[in-house]
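Take a look at the following structure, please.
Labels for the chains are A, B, C, D and E, by order of writing; each one numbers its residues from 1.
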Amino acid sequence: MSANLWFALVGAGLIALAAFTFFVQTHLLRRIFAFNIMGSGVFLIMVGMAQHLRQTDPVPQALVLTGIVVAVSATALALLIFRRFYALSAAVTLTQDNDTLGDSYEQEPRQ
Amino acid sequence: MMYLQIALICLGCFFFIVGTLGLLRFNDAYSRIHAITKADNLGLGLLVLGLLPSAVNAFQGIKLLLIWLLVLVASATASYLIAHYLKQQQEGDV
Amino acid sequence: MNLIPFLLVIPLAWALISLLLPRLPIGPIALLGMLVQSLATALLWRSVQLHGAERYAIGDWMAPLGITLVADGLTVTLLAITALIAMVCAFYALFYLRSHRHEARYFWPLFWFLLASLNGIWLAGDLFNLYVGLELVTFAAVGMVILSANRQTLAAGLRYLYMALLGSIGYLLGVALLYSAYGTLDMRQLAELIEPNWTTHVAMLSISLGLLVKTAIFPFHFWLPPAHGGALAPVSALLSALVVKSSFYILARLWLDVGADVLPVITAQGFGLIGACAIFYGGFKALQQDEIKMLVAYSTVAQLGYLMLVFPLAAGTAPEHSMLAWQGGMLHVLAHALAKSAMFLSVGTLVLAVGSKKIDALAGISTRIPLSLFAFGLAGVSLMGLPPSGGFNAKWLMLQSAIGSGQWHWVVVLSLGSLLTATYIFKVFRVSFDQQAIDSGKGLVKRAPWGMELSALFLAGLAIALGFAAALPVELLSLPEVESSLMEASQ
Amino acid sequence: MNLAFDVLLGIALLLCAAGVFYSRDLFRAVVMFIAFGLLLALVWVRLDAPDLALAEAAIGAGLTGVLMIDAVAHLSAKNAHHQGAQFDQTGARPQLWSRILPVFSAVIIFILLLGAIWWRPDAPVSLPDLVAESLPESGVEHPITAVLLNFRSYDTLLEIAVLLVAVVVAMALKPDTSEPEAGNSKDPILHGLSARLVPPMLVVGVYILWAGSYMPGGAFQGGAILAAALVFLKLAGFGIERLADSLLRIGLALGFIVFLTVATSVMIGGRPFLTYPESVAGELIFFIEAMLTFSIGLILFSLFSQAPPPVAPTSSLQGEQDER
Amino acid sequence: MNINFWLPLMVLATSLVSAIVIFIIPDERNILRGAFNLLAAIVKIAIVAGMIVGVYYQQEFETRFTLIGDIDFVLRADALSLLFAGLSSLLWLFTTIYAMGYLRGTPNRSRFFGFFSLCVASTMGIAMAGNLFTFLIFFEMLTLSTYPLVVHKGSKEALNSGRTYLIYTMAGGAVLLLGIAWLHSVVGAFDFAETGVLRDVDASFYPTLQIIFILLIAGLGVKAALVPLHGWLPKAMVAPAPVSALLHAVAVVKAGAFGIVRVIYNVYGVEFAASLQLLLPLAILASITIIYGSVQAIRQLDLKKRLAFSTVSQVSYIILGLALFGPIATVGGLVHLLHQGIMKVTLFFCAGLYAETIGVKKIADLSGAGQRMPLTSAAFTIGAFGMIGIPPTAGFVSKWYLGWGAMEAGAPWVLAVLLTSSALNAIYFLPIVHKLWFGKAPQQWPAEHIPFKRFETNPWLLWPAIITAAFSIGAGLLAAAGWSPLSWAELIAVREYLP
């Protein structure tokens, strides 16, 4: 039960938790949190499992580094679009039911 | 030498605990900031002192001190900014 | 001087040019870039046709350590289709963007990044490299969807981005598990090492779920219609024809080429089942739409269902039937790419000319904008799988494979599916022949620029020509690289 | 003894993540998220991955945190407290489905992953030995930088392209009719601190870039610190984001241009794509890394500064007109 | 790659090229479009005639290139294909003339004639298809090109009837595709052979071959308007007269019947089909359609609807002839394919003439039309007599051979069916003829568009009707002559049966 394996399990726990939140929460920002934490969980599994009972492996670490940078650009992109969407529609969630082009957001009374 | 280090580190941790206790117990925001910055800086200083003897070479020791210095400056400015923001908030509301 | 890297360098270089020098005349630059790109693709096509598949180690580091690019028959065909459709969409966009000033500024850099990442995915032979390629495709695609920054497209872009990110997380999780289990990221080495155990099954399941989300197959399809329906016409053409296929290509490569003997029959039949649901669900929803672009977007959801039928037909059946299914599936990728991009481009012209996205606003256009409607019709013929078209040949091959391997339920799905497609295609035609609307002269119709009508017609013509000249791509599709894995897989 | 610390750290990480999801107030969620990032940096140290610790702290916790705080600050008061903590009452989903299915699927995911992790077969191919073996030819001592910039440099090339696309979309989203955002009030103390603090930050950034070739560090971490310095300047009121648009564009793409030109120019000598000639590999890699650090710094900063303003500019929005 | 390779393709190309050109010509340019149409029709007839002579002297005309895998695109002109090709190219010429006169001044003429030539291209393709795959390509192309013609008027009613037409033909196409795909997976790629291909398939496949035969006949039956699948034909009468004349008398309906001929003779081989007991149920179905068609025709009040139902029953004569196992019945069926085409076109032309000149659509107010339009009524009477099978006309020849073939095939009940149907034909045609000549003309015709100048109506419309009427008599009287349709049908029948 080396540290690597434990952290891989913690990663799995993070993924499960984040997946649960992704289904339940509809607030767009909270979903960005969920997506980030799920990413960190996957990175933990990648490094943890690769180094379990083996020498420290630079390849998954390099991949995770690339992953972190990609994750930050994804978060930045999501935040950008969200803020522009919020500026236009003052809505914080995307309603799933009507996916026609008409009214696809939860209209909030403008303050 | 070992015992001195352990003593210093325990003392540092004690101050950390006191600071956190202060954070939880005090009622208004200003005193809470006060508690945190003061206690933690002192705690960190003791911790660094405790670790200095086991530093591999002088260069690493200087780096430890630099870290302490940076934290000092940063927490000072941070607490000032938070207090400033809170004051503006209260003036804004009242 | 091998050609493979140039297919990546050219689009990336042109992306930089169009990003850094916006004042240069965009049109000629873009077309020049596309010509060079198509020339390189054609040369690569020729060399692969003559000497068979090529493997290219980047940085001269051998397989497990470095990244290898693989150019076999299927890759080259997909590269050719991408270059072709991208060129026509670029030509179309030159005219289309004249009336969309705001979007034109950042369209071209995103267009080139999209093209570069698509080429990267077709060529990639390394799992993590595919992940970065997928991310690049998604970001460029989301960027292009939200170019016209209004409420609908932003909401659609957000929903697209969130689902795509979830999908790539699933894919990355699978790659992480596979790497920890087999120690290598190279697909060919993985194909030799892979054997069914718990980790592999969970990894392949998570990769499949991730890629299904990105290919918008039935249960995860709801992000596609607003995104493809709301975007600019050339953008939705590129997205529907190529971007959605890139994740399907990876799924097909992983299941049928790399993990052929790990694919349990129930999973393959499961894929077929959700494919069938996609066909019927997409068809019914397309029938109910009153906006033309949403109708075409839902038709994409339905047509993607056909692609999923490749798995049950190719896995666990006799070698010649699985080869037929593989050829049929990949030919459907080509035919649908051509037909759908032609349809989106012609719809773009019609919407621009008529001024509204509603279907009943298109009443009586058969007399005023006949060329675009004719292109829409030809593309419809290929989508419906009526004989002289590429779509028909793909359906024919899949029917042969289904009948040969005795899976009658897929035969029924295939035939009912194309009938359903016919219903919503002819719904549009019924409106366009409506004489009352012509007599009552509903609103004047702006003359659409010739470039737009011709590009749509060219692609539609190609979709029909694929019906006659299907032998060339199909023979190239089933090069030894693919054949060998399918053959020993199904022994 | 170490295992106890690791277990504690793992549990703290999980609690922190739960805290992020279930704190009622969004601002509190962001603070928890930053704490999560720092804890994760500690975990990377425990997993013997110092590079990742640096990157996680600088980019994961630092920059993402900054972006999040900026976004949350712009939400209106009511939205900041958007419930979402418990099961979503406002969601349109039927009661049963929204309560049982997520729990069920989360548990399934966890069990599957548990099995996958537990019964993992031992890997026939061992990449670390291959890396160690061909490390001398890579021109760099530190294995991770070797993998990133030599063995799998094509991944890094695409990754920079990903960053660039994110910036291009940011620029595309910025409404061209927006009046420049009101400069932050020039706070004397912050101003003074930043004037003294930014130079050492730049020195540290360059040091980390330089150290990357023989110990943990490198382009991304250096770039992140550079970005932090620039963000610090912007917050302290130095109006630096008004760099000319084209200058900003060139600055952003510089790293990518250098990387691409080096990658293709090596091909002239008949070598395959992205093969650095043996003799000059180290210098070439460092040159690319330096340019990359500069570009990444600028990109990460402009992702922060290019964010669209909270309120739609008064002038009718470009998007609306197009939608006839 | 000599001329024989290109001739079949040339026939197709003439109408495809003219279709594209006509689509581009703006509506007003009548003369240019008319010239193009006639030129294309004449060139087509010349090539077909050339091929007929060639086939008579045992020459081979074939265009072949591979499509996909082992399937290739084959256009071959053999005796049977030229029978249908000759019929449709000849009648196409007259119908084009008729349509030019009929549609003068109406909107969307270019669109109409464009799709009109696409239709003739697909009919030619169907006639000359060398294997089932090519046949299917043109079969579906025919559906696509006829839909715009059916909905040409653009009225609500036309659009609805277009939709029903599509539902029937699309479903038929899907079933046909299923049959062909299944047959291909069982037997592999094959071309039409003079005496059928499936004889040497091993016995275990017989039940599958029977099911495939049912699928093929159902798919083709939709277009051949067999009883349960004929619903679309009466509704399609809403189309303009030249469309209903040509499509629902010659192109679409005959394509279905021609397909059934191909399946029975060139795919299964008539002996093999008989041995599988497939022909008898087909004959029964055909007879039911004949009786049902005639009964329905009697109930119709509208002239074109009555003619439509009579087409339903007449086409089943052909299928009846094919389904009887014997060379003479085959000759009867094949020659009826030709004769029925000529006679029905005449009747539809006359119906169109009545509607155009004196605005008469209902049978009731046709009385006295003979005085007003003697020539049209004469043509109508000849057509009607042909339908009933009165001696001098072509109809009599084909019914005679059918009866004789039935006796020879030992199926006397078929003779009874023929007699009752002829009687029914008489019941629904003779009252019209009587009303035409002996009815009392009303003072004012409902809508007299074209005044009585030198001729009773627009010459463009009149002459095609008269020529086709002359042909129907000629085919009857000169049946024994060398070049008559009858001798050509005998030539085909001889080759179809095993020596």
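Please note the rule applied: contacts are C-beta pairs under 8 Å (C-beta built on N, C-alpha and C of every residue); 3 or more make two chains touch, one makes a residue touch a chain.
Quantities reported herein were computed from a predicted structural model and do not represent experimental measurements.
Fewest steps needed to get from subunit C to subunit D, stepping only to touching chains, is 1. On a Cα centroid basis, the chain most remote from subunit D in this structure is E.
When chain centres are set by their Cα atoms, the one at the greatest distance from subunit B is E. Looking at A-D and A-C, the interface holding more C-beta pairs in contact is that of A-D.
Averaging the CA coordinates per chain and comparing them to the mean over all protein CA atoms picks out C as nearest. Note: centroid distance subunit B to subunit D, computed from Cα atoms, is 28 Å. Chain centres here are Cα averages; for subunit B and subunit C they lie 57 Å apart. For the pair subunit C and subunit E, the distance between C-alpha centroids works out to 43 Å. Averaged C-alpha coordinates put the centre of subunit B at 98 Å from the centre of subunit E. Counting only residues that touch two or more partner chains, subunit D has 113, 117, 120, 123, 126-127, 131, 152, 155, 159, 162, 165-166, 169, 173, 317, 319. Listed by label, the pairs of touching chains are A-C, A-D, B-D, C-D, C-E.
By the touch criterion stated above, subunit D contacts subunit C in their complex at residues 112-113, 115-117, 119-121, 123-127, 130-131, 134, 150-155, 158-159, 161-162, 164-166, 168-169, 171-173, 175-176, 246, 249-250, 253, 256-257, 260, 263-264, 267, 270-276, 317-320, 322-324.
Chain contact summary for the complex, subunit E toward subunit C: residues 23, 66-69, 73, 107-108, 111, 136-141, 144, 147-148, 151-156, 158-159, 162-163, 166, 170-171, 173-174, 177-178, 181-182, 184-185.
Taken in their complex, subunit A has these residues touching subunit C: 15, 22, 28, 31, 35, 38-39, 42-43, 45-46, 49-50, 52, 59-60, 63, 66-67, 70, 73-74, 77-78, 81-82, 84-85, 88-89, 94, 96, 99-101, 104-105. Per the touch definition, subunit C reaches subunit D in the complex via residues 1-2, 4-5, 8-9, 12-13, 15-16, 19-20, 56-61, 64-67, 100, 102-103, 105-106, 109-110, 113, 116-117, 120, 128-129, 132-133, 135-136, 139-140, 142-143, 146-153, 173, 177, 180-184, 189, 193, 197-199, 202-203, 205, 355-356. Contacts from subunit A toward subunit D in the complex involve residues 1, 3-10, 12-21, 23-27, 29-30, 32-34, 36-37, 40, 43-45, 47-49, 51-59, 61-66, 68-77, 79-84, 86-88, 90, 92-93, 95-97, 106, 108, 111.
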